[in-house]
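Pasting the structures here.
What follows is a pair of complexes built around chain A, which joins chain B in one and chain C in the other.
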Partner chain A sequence: MFAYSLISGILFGIFFGFMALGLNLIFGVMEMVNLAHGDFVVLGGYVGITALNSWHINPLVSLIFALLLFFVVGLGLFFPLVPRLSHSRDPEMLSLILFFGLSQVLEALMEIKFGVNPESLPLSVFGNSSWHFLGQSYQISWVVSALISLLMILLTYVFLYYTPMGRAVRAVMGNREEARATGLPVKRTSAIIFAIGIALAAMSGVLSPLMIGSIDPTSGLGLTTIAFAIVVIGSLGNPLGSVLGGLVYGISLMLMQTYLSSWSVLVPYLLLLIIVLVRPSGLLGKGVRHV
Partner chain B sequence: MKSAGLIGMSALLLTASLAGCGASSSSAPPTKNIKDITIGTLYAKSGAFATSSMPEYSGLKFWASQVNKTGGTYVKALHKKVPVKIVAYNDQSSATTATSLYSQLITVNHVNILVADFGSVLTSVAVPVAQEKKMLLFDQTGTGASFFTPSNPYVVLTSLPTSGLWPTSLAQYLIHKGYSRIAIVYATNDFDQSQDQTLVRKLKAAHITPVYNNGVPTSTSSYSVLLNNMAHTKPQAVIELGYPNNDIAFMQALKASGDHFNMVFTIFPGQLPQLFTKTLGASSINNTYTYPAPPLLSFSHVNYGLNTTQFESAYKKATGQSTNFLSIAGYNTGLIIQKTLSTANSLNQLSLRHAVSRFSGSLSTLDGSFKINSEGAQIGETLPVAKISTNSKGQLSIKFVTSPNS
Partner chain C sequence: MFNPQWDTNTPNRLRRRLVNGVIPVLLLAGFSVSPLVYANQAILFQMMAFMALAQGVNLLYGFTGYLPFGYVGFFGIGAYGMAISIQLLHFPGILAVIIGGLLSSVIAMAFLPLLRLSGAYFAISSLAAAEVLSHIVSNSAFIHITNGPYGEQLTQSYHPLTSYVVMVIVLVLTTVVVIFIRNRPFGRALMAIREDPVSAAMAGISVVRARSVVWLLSALIAGLTGALFGWHMSVFYPSTVFDLNISILAIVFTLFGGYGTVTGPVLGSIVLYGLYNAIGISDPQYFQLIYGLLIIALVLFLPGGIISLIQRRGNYVP
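Moving on, here comes the complex of A and B:
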């Protein structure tokens, strides 16, 4: 049971790391916590479910559709919302309120469109075979979801570290004012990262029914909480921290489900408390940045 | 700045799960001024319990509309028929929100009758509020055994037996089949936990100790790892006790795992078959076991209100929706209220409670026999165990494996 829980935890951890990646990117560049993050994950989930049920489109295709659609949605949301916030007296705090409001609006709209019942993708959508490892069988949908998540994390890493735009993003993450002073297009960089963050959330959402069982319009808040915990565990503003945070969360969750199942709901909050008390800057954090 | 964001985030997440509380207390209007009977209730339009709460609320509203078509319900205390008016708020499946709304119904809206929202989680907060305000709570489907105590005369369970009684037939069947390796996973709430306790107690009395018996949070949506852990214990029978969302997630994980057990039991396919066949596909619940509830368990001979067939037809015509157990439970609550008002000598809450005791045991509705014990818990209805069969067209049928009259 330990080996199964550990491997399942790693597969789930990679997925959860991917799910939290968009939240971390947006926070890293804009220092704004997107409280509607979980709702974009859920919206992505509905894209995958609707595409399969209505048009028999495989979720692998829906992933690309979600990426493109929500990149545009992200850009559409950025310009009317974020620049105004950036110029306000307390952008961080106001962003919490604004994105909380956006979260409520999205939840209400999803309820109108999709109803209140939980919905899911068939777990056999990628085939009925299993992955056998160390004498255990794992659902192929978990393995495919983890591999896609890993691929997307690697692509994000390559984007951040090996492209001119990625270098600009990291410069803005390091110090927004210095980046502006050196002539970097901070606003354009922020817009693209915001759109990428939303698109990544929606992409992870397409896979989410396969990993978390089902989604409904109210799932967003819980997913935001998990993503936030993962980001804090890894390191706020460090995308690679999401991966580490995701692994810590996923493995802890699975071990807790196996050995102390009644308490498994506490995992994100316990990890959050421990990290904030022991290492406030997160596992990969290099200390608190003072502005 | 980041720490400020962190604190702000925490505060907002907390705010998201909390609602305002407290309401001023004031007395109800004098009986002679009553122009209508106000029934205060809550419904969950969103969240984990929306699936069950909305049809239950719809059933209650259907009853009110039927009664009002005939000029209202007869109120013995007023010696006349009085229209019924429902005052309802959306608790969004949040027990915290429900707490303040129950108080509001009593102290601000001054309702004559208080009806709980669906299930034990949302009823658990109504029980102490009603007791404190000395208001009789018509508990529709909150079957948690802890709600019913000798010291609280302000609660009556209208549908379903108290959950401590539910597993009686299930335990009988498991023992009868000679299953010695039984795995149980239950959601940690009053409803499921009390069933687990009863089931384990009855099995142990037959010298059977479950090979797996663990609780999971009610919010659990992925059972794959849990199912794998259960499978390691090589059970003959797997029992999952949860709410509809738990049952759906469990069945989905079971289907994906490819595991096969002699017997798989879940609660809600017997109450919400359409939801399960739509969400999971009919084949997913084929050959599994459940507690069949009305309309799967049909009552043609009733002495109060519509019978099952009449209700299905009238409800469909009025609402356009198909009947499920919860819409029947909502309608049945209305019938119990109607009978209470026509029996009670005054609208005093204890008088209403005494009236319920007076007709307890003599009422047969489309939900079965209505009978309560001295603590207000329903003991008249039975919950047999049945095996579900589905055909290639997705049509569902059941076969009782324990007597429906036991």
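Moving on, here comes the complex of A and C:
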């Protein structure tokens, strides 16, 4: 029992770390919390479900499609919304409210388009076999989702640490004003990171029905809270922190589901409250970033 | 732009006092007379409830800068405090409502450490706190106290007229409190803290105490409103009184009207709750779409709400 919850916790944790990655990137670069993050995850979920049900497209293909589509969507949202905010009186609070409005709009549009009933992907979408490990068997779709998530986290890491663009991103994360003073294209960097953040959210969303069971238009806010908890646990603005936060969340969730299942819904909320009150800088953090 | 300009010109000051005093009188008269002209009492009651909640959000956000996404937690605790007082302690309705409000303040005291956070940290953590409260109340472990997920039936103490009258009183008192705070040194101290806590502390303002007072006060408002709401409905479930949309609507009403003013939340609740009744009940998603777009437009073009359109011309708005 314990080994099973631990290993499925790790599989879920990697997935949730990936799910929170976009929120972390956008927060790190722009110091804005994208409250619509969870809604982009749900939108990605609907892309995967619609592609499979209507055109029999495998979710593996929809993943790439969601990534590209929402990269464009992200760019399209960035330019009318974000630069205007940066010049306002109180950009931190106003961006929170703005993205909250965006989240309401997306939720309403999804309800109009897809209705309010929960929808899901068949768990057998990646084949019917299961993965045997240490005497237990695990859903193959969980393993595939975790592997894809791990791959995407590694790619993001390589992008941030081994490309010139990634170096610019880290410079902006470190100090926006100094980055601008050195002549880095801060606005362009922000736009690209914003688009990548939303694209990654939607991409993780394609896998989300497999991991969280089913999605409906109102799932977004709960997912945003989970993602925020993970990002805060693992330290804001640190992509590797997302993995750590995801693992903490995934393993605690699975242990709670095994041993105290009626209280397991409380896991993300309690984890968030504990971490913000006890160690607001996160497990890997050096200092608190204020939003 | 939210600070009334103080001047020593006495007739002007008198006029302002008069304008401020008119608002609660208008609310009292309006909601006392309107049931005679307009038959749907439930809508009037809910409009008052949302107006009181919007004022509570206004106290917190408008005067201290804390945006409480989890404000509904206090509302739900108020409703359950009231229901438990009636079911288990057999208190009369009005006393049960007061117990509900007080219980909500007690819970707020337990959550005082949240005020150490700011910005998005506070907003999302308060949401998490409300979810925790909601799941504790609806957990079947407490089925003997809260009846778990099956909700509360208070049909034996159902009293629509009394609860309506008490709601009018609570709304008027809330409005008076907001007017009072806004025009007293305490309100100016709060705004100083909102703009710059460090300088405010250096000027001799007790930052922690002032914030805590507002936090407990706004919890009391939400608790009383929730208790009255539950009493008026007489049948409710955890999902009704801990519905996150309640906080969302209260926040939207406040932002739309204009935070940090007295008239803003009143105006926002009347206009948007009216709109909600026109289209929201049959097509909630279209209403949600409209207010979502409204929020985006407000943030980009009119962060002070519609009241700021009048203030912009140099007029005094309470």
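Please note the rule applied: the second predicted complex is superposed on the first by the 288 of 291 C-alpha atoms of A that agree within 3 Å, B and C clash if a C-alpha of one lies under 4 Å from a C-alpha of the other, contacts with A are read in each partner's own complex, and residues count from 1 in each chain.
What we mean here is this: contacts are C-beta pairs under 8 Å (C-beta built on N, C-alpha and C of every residue); 3 or more make two chains touch, one makes a residue touch a chain.
What you see is a predicted model; the values in this text were computed from it and never measured.
*Asks:* Have a look at chain B and chain C on chain A after the superposition and call it: clash or fit.
*Replies:* Overlaying the two structures gives a clash between chain B and chain C.
*Asks:* Does the superposition put A:Thr50 against chain B (first), chain C (second), both, or neither?
*Replies:* In the superposition, A:Thr50 contacts neither chain B nor chain C.
*Asks:* Touch check for A:Leu85: first (chain B), second (chain C), both, or neither?
*Replies:* Touch partner of A:Leu85: chain C, not chain B.
*Asks:* What is the contact status of A:Ile212 with respect to chain B (first) and chain C (second): first, second, both, or neither?
*Replies:* first
*Asks:* Where does A:Gln139 make contact in the superposed view: on chain B (first), on chain C (second), on both, or on neither?
*Replies:* first
*Asks:* Could you say whether A:Leu221 touches chain B, chain C, both of them, or neither, answering first, second, both or neither?
*Replies:* both
*Asks:* Looking at the overlay, does A:Ser262 come into contact with chain B only (first), chain C only (second), both, or neither?
*Replies:* The answer is both, since A:Ser262 touches chain B and chain C.
*Asks:* Compare chain B and chain C by how many residues of chain A each one touches, and report the one with more.
*Replies:* Of chain B and chain C, B contacts more residues of chain A.
*Asks:* If we overlay the two complexes on their shared chain A, which of chain B and chain C does A:Glu119 touch? Say first, second, both or neither.
*Replies:* first
*Asks:* Between chain B and chain C, whom does A:Met254 touch in the aligned arrangement: first, second, both, or neither?
*Replies:* first
*Asks:* Looking at the overlay, does A:Phe100 come into contact with chain B only (first), chain C only (second), both, or neither?
*Replies:* Both: A:Phe100 reaches chain B and chain C.
*Asks:* In the combined picture, which part of chain C sits where chain B already is, 117-125, 261-269 or 297-305?
*Replies:* 117-125
*Asks:* Starting from the residues of chain A touching chain B, keep only those that also touch chain C in the other complex, and list them.
*Replies:* In chain A, residues 33, 90, 92-93, 96-97, 100, 107, 111, 221, 224-225, 228, 232, 262, 265, 276, 280, 291 are touched by chain B and also by chain C.
*Asks:* Touching chain A in the complex: which residues of chain B?
*Replies:* Checking each residue of chain B against chain A gives 1-6, 8-9, 12-13, 16-17, 45-48, 50-51, 54, 92-93, 185, 188, 214-217, 219-226, 228-229, 232, 245, 248-249, 252-253, 255-258, 275, 278-279, 281.
*Asks:* Could you please specify the touching residues of chain A with respect to chain C in the complex?
*Replies:* 33, 81, 84-85, 88-90, 92-94, 96-98, 100-109, 111-112, 221, 224-225, 228-229, 232, 262-263, 265-266, 268-270, 272-273, 276-277, 280, 290-291
*Asks:* Okay, in this complex, where on chain C does chain A touch?
*Replies:* Chain C residues touching chain A: 65, 67, 113-114, 116-121, 123-125, 127-129, 131-132, 135-136, 139-141, 244, 248, 255, 285-286, 288-289, 291-296, 298-300, 303.
*Asks:* Using the touch definition up top, name the residues of chain A that touch chain B in the complex.
*Replies:* Against chain B, the touching part of chain A is residues 1, 4-5, 8, 27, 31-33, 35, 90, 92-93, 95-97, 100, 107, 111, 116-120, 122-124, 128, 130, 136-137, 139, 141-142, 211-214, 216-218, 221-222, 224-225, 228, 232, 236-237, 254, 257-258, 261-262, 264-265, 276, 280, 288-289, 291.
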